[in-house]
Amino acid sequence: MTNSLINYTLHLADTTLILSQRNSEWCGHGPILEQDIAITNISLDLLGQARNFYQYAAALKNDGSTEDSLAYLRTEREFKNLLLVEQQNGDWGQTILRQYFFSQYQLLLFQQLQQHSDEQLAAIATKAIKETTYHVRWSSEWVIRLGDGTDESHNRMLHAIDELWRYCGELFEAADYETAMGIDLTSIKQTWTEKVTAVFDEAKLPVPQNVFMQSGGKKGVHTEQLGYILTELQYLQRTYPGAKW
Amino acid sequence: MTNSLINYTLHLADTTLILSQRNSEWCGHGPILEQDIAITNISLDLLGQARNFYQYAAALKNDGSTEDSLAYLRTEREFKNLLLVEQQNGDWGQTILRQYFFSQYQLLLFQQLQQHSDEQLAAIATKAIKETTYHVRWSSEWVIRLGDGTDESHNRMLHAIDELWRYCGELFEAADYETAMGIDLTSIKQTWTEKVTAVFDEAKLPVPQNVFMQSGGKKGVHTEQLGYILTELQYLQRTYPGAKW
Amino acid sequence: MSVHDLENTFQRKIDEEVKIEPKDWMPEAYRKTNLRQISQHAHSEIVGMLPEGNWISRAPSLKRKAILLAKVQDEAGHGLYLYCAAETLGMSREQMIDDLHSGKAKYSSIFNYPTLTWADMGAIGWLVDGAAILNQVMLCRTSYGPYARAMVRICKEESFHQRQGFESLLVLSKGTPEQKAMCQDAINRWWWPSLMMFGPKDSESTNSDQSMKWKIKRKTNDELRQQFVDMCVEQVKLLGMTLPDPHLKWNEARGHYDFGEIDWNEFWNVVKGNGPCNKQRLDARRKAHEEGRWVREAAAAHAEKQKIKAAKDNLAAA
Amino acid sequence: MSVHDLENTFQRKIDEEVKIEPKDWMPEAYRKTNLRQISQHAHSEIVGMLPEGNWISRAPSLKRKAILLAKVQDEAGHGLYLYCAAETLGMSREQMIDDLHSGKAKYSSIFNYPTLTWADMGAIGWLVDGAAILNQVMLCRTSYGPYARAMVRICKEESFHQRQGFESLLVLSKGTPEQKAMCQDAINRWWWPSLMMFGPKDSESTNSDQSMKWKIKRKTNDELRQQFVDMCVEQVKLLGMTLPDPHLKWNEARGHYDFGEIDWNEFWNVVKGNGPCNKQRLDARRKAHEEGRWVREAAAAHAEKQKIKAAKDNLAAA
């Protein structure tokens, strides 16, 4: 049980960290100042969640691990983040679509985790519900704004869907540790699909059918993206082992 | 004297390594298969030169340093490469222009080094003359082809000149260790300017006047580019210290 | 009222520390000076996100990453307050941004220097924010109301940033030999540019007299610079580091530290556009603006569609 | 000569191991099959540069970086030989590339897998090049002259690559615990996809009979696959590693190793376009082609200008 709990917590931590890292690439480069602030804010929120999860995982491992040793000293095959969050930012449309797909899922997941028997996970989830609700609202509004904006924005959203949809299946494919933790991804999938369909409908965007889904992230088999993210993220800790910052 | 020799050799090594690294980013992404091969070939040549210089520097330091410890375990402020070679590839025009600026300079430098009292530097330079002559020919032909090709290619070359010219001054600004080594950059600058002017003339490209020149690379004060190059280059050695590959 | 009366009323408000508000009459030169200063301050906040944003992905601990993200986000927020304050003086944000991108409007030269190591983050917090704070505390009492109020909000956050920057250097100064060297190196590279943040010597500063009279500026360049030096000389002792100025020396008679001559060549060169990162900073801002165009256009188009839809729904309901 | 006579002459050449050359008469199906196979082989070399090119910047030593660069460069060269050989059969390189980008033409599915660690470089050299070599040695005796000659040149270099790949794994296998684990992990991920390189089982392979008759293909899929398994089972012992197949077992009666069933679902899925990297590989090739358009156009424009200038000079000289 504990192994599954640790792995699951690491999955949650890695996922939020990597998405935070990707979003933070926009800092200073956003399309509008207010949105630069918003995406950085979301990045901060996700980082805060990641830190909570890493700290919990470190406590569970009880072997000297810290939030930093877990984030900075593990390698690609040990990371358990979703493939979706390691994908490149692409344009603004791709970034907010990735956020919407993820946050819609995360909100439903956190709502479920609030009831989980593991009190710490439940507490972290509870703490994060309010900001995640905002993430869903902010990103879904952007999906609609861009899907039903100009021809150009609509086409860019079609392209973004083509890039990202194939990574949405993994959200609902339970890894062994998720099953062991009793996470019900089936009901989450159903609600997620309904919500996404409704938003896409308002955004005048088509919901893809019959797309083959990629997976592997939850088990440490990533795309070629993650390695590069880690070279930047981990460089200083690798270069100055044991130093305090 | 030895300190200057070591620093100068490291400057030569770092410069060729970083340019090799930049060029190799094109591998598999070049505009024409034959040019993919050519740029990869140049990358290999430069890497070969870098290895010769690093191996010599390691021998001079005589403190357990190896070509790999020098390339993989020094940090940004210790690297002495020219600012020119750490700049981004940009488009094909910017890449071949960077190559031309550098190779034209390197050929003149190597011709001078062939006569240097340090036999090893002279030997390395001699060995590299033939391939460097080819680099000059290959890149200058591309400058002409693109400068006097289509309107689009001409404009892209103008943009490339705007990006890179400001880094050409540093080629001829002697660092202390270059002066100590008796390198005559003044005569190199004169010939370089004549050659570049002739090529630009044939390419129907304007030679910029009165551009403020950036420098610092030879002294370890780089642009914000180098740090990122090193996170990728050095990651595995930093992650697995002491391992053999 | 005659112009002469208006001018008298205006100057009396200033002398009596009554804030000038957007709807008040003001001399054209006062409006222009404030607009230039406030918008350039806003540009500085935005451009200033870039050298620090450069180290977010490589921050060496999750805590430092969070602190840095929050700092840069605050700076964006400051830019927002300041653009809003500047807009009250009659120029649109779009126009201000165009002026920045065309080179017509300036931003603080300090951001034209590259951030080369992690320690630069601490050095920027300590020295750059430190210098900015001296300027800004003064500006909290500036005569133009919207500017003063924006500055009060900003000052609160900047003090926090400066303390975190210093704390980050303190940790390095107690760390490994490499970290100590990294700390000293960053201080060596950021010290003189920070002194340059206070602008030219008073004797060569063109705008000063009128700005002092209108209480846009409340202390001179040299006064602020001296205050900064005096403060930093004490603070650097806590780090066990040195400032890269062999001429730093307590002058008993003046009651201040003497310090070396700034390289004014470098100062003017960077102001003129020849600093290490001038091109990169503006290229980055222009690129963000250009690549964001389709996003802004789509948002506007969508908003328009919503308006039309709402109008239709109203008609239908009526 | 009647078609019947032409066909007889053609088949007799093949039976007597006389190469078919570009100017020879050949059945349309023979021409098409060779064109498809050679061009797809060329595409494979080019696309194959991508998974390996992915580790050039991160190669863990200068020597390994040089070896990898040289390998990828060789592959580009192989692609060049093969495109030239294919062009002799009546299709331009431009058209072949368009077919690749449109999805009409295939390339070896093995390259649709991601390279996730440095050890993947060694695994690809050992297993993927190893499998390719078995195919290619056979092709050195293929009936179409230009293809056979290209393959002879290619085989020389590929053997070298395979040895370097194996040697790279050998070093890992004698290294730190992390390196050993990295080595085993890469073998685990690349083993089954390498077996899939030999294609469907003979019983389900559509092209085989005619290809065997025309000596385009000289051994069956299953024959080659068995040869590969037998070889690798011995080689993996030298690494002190295991192959991820619990059913591997020497079969005395057959004189070969029995091995487990390939996941044909995965095989067909990847062929159909659903592998982990299918999209990325084609996107990268299309992008390179698109972004290179202005370069090719400029080169052509310049060449044209040179021609005109030369013609003028000739006239002037006359």
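Letters A, B, C and D mark the chains as written, and numbering starts fresh at 1 in each.
Keep this in mind: a contact is a pair of C-beta atoms (placed from the backbone, for glycine too) under 8 Å apart; a residue touches a chain by one contact, two chains touch by 3 or more.
Here is each chain with its UniProt name: A, B = Ring-1,2-phenylacetyl-CoA epoxidase subunit PaaC; C, D = Ring-1,2-phenylacetyl-CoA epoxidase subunit PaaA.
Because the structure is a prediction, the values reported are computed rather than measured.
Novice: Taking contact as defined at the start, I'd like the list of chains shared as neighbours by subunit B and subunit D.
Specialist: Both-contact set = A.
Novice: Decide which interface, B-C or A-C, involves more C-beta pairs in contact, and give its chain pair.
Specialist: A-C
Novice: Matching over half of the contact pairs by residue number, can you pick out the copy of the A-D interface from B-D, A-C or B-C?
Specialist: Most of the contact pairs in A-D are shared with B-C.
Novice: So what's the Cα centroid distance for subunit C and subunit D, whole Å?
Specialist: Subunit C and subunit D have C-alpha centres separated by 58 Å.
Novice: Just curious, how far off is subunit C from subunit B if you go by their C-alpha centres, in Å?
Specialist: Using C-alpha averages as centres, the distance is 37 Å.
Novice: How many Å are there between the centre of subunit A and the centre of subunit B, using C-alpha atoms for each centre?
Specialist: So the centroids are 41 Å from each other.
Novice: At which residue positions does subunit A touch at least two other chains?
Specialist: Expected reply: 75, 231-232, 235.
Novice: Residues touching two or more other chains, restricted to subunit D: which are they?
Specialist: 58, in rising order.
Novice: When you check every pair of chains, which ones turn out to touch?
Specialist: Taking the chains two at a time, the touching pairs are A-B, A-C, A-D, B-C, B-D.
Novice: Which of the residues in subunit A end up touching subunit C in this complex?
Specialist: Per the touch definition, subunit A meets subunit C at residues 17, 21, 24-25, 27-37, 40-41, 43-44, 47-48, 50-51, 54, 67-68, 71-72, 91-93, 144-146, 148-150, 152-153, 156, 232-233, 235-237, 240, 242-245.
Novice: Contact residues on subunit A for subunit B in the complex?
Specialist: Checking each residue of subunit A against subunit B gives 75, 228, 230-232, 234-235, 238-239, 241.
Novice: If you look only at subunit B, which of its residues touch subunit C in the complex?
Specialist: Touch list, subunit B to subunit C: 75-77, 166, 212, 214, 216, 221-224, 227, 231.
Novice: Hey, which residues of subunit D end up touching subunit B in the complex?
Specialist: Per the touch definition, subunit D meets subunit B at residues 46, 49-50, 53, 56-66, 69-70, 72-73, 76-77, 79-80, 83, 118, 168, 171-172, 175-176, 178-179, 284, 287-288, 291-299, 301-302, 305.
Novice: Help me check something: in the complex, which residues belonging to subunit C touch subunit B?
Specialist: Touching subunit B: residues 51, 54, 58, 114-117, 185, 189, 269, 273-274, 276-277, 279-280 of subunit C.
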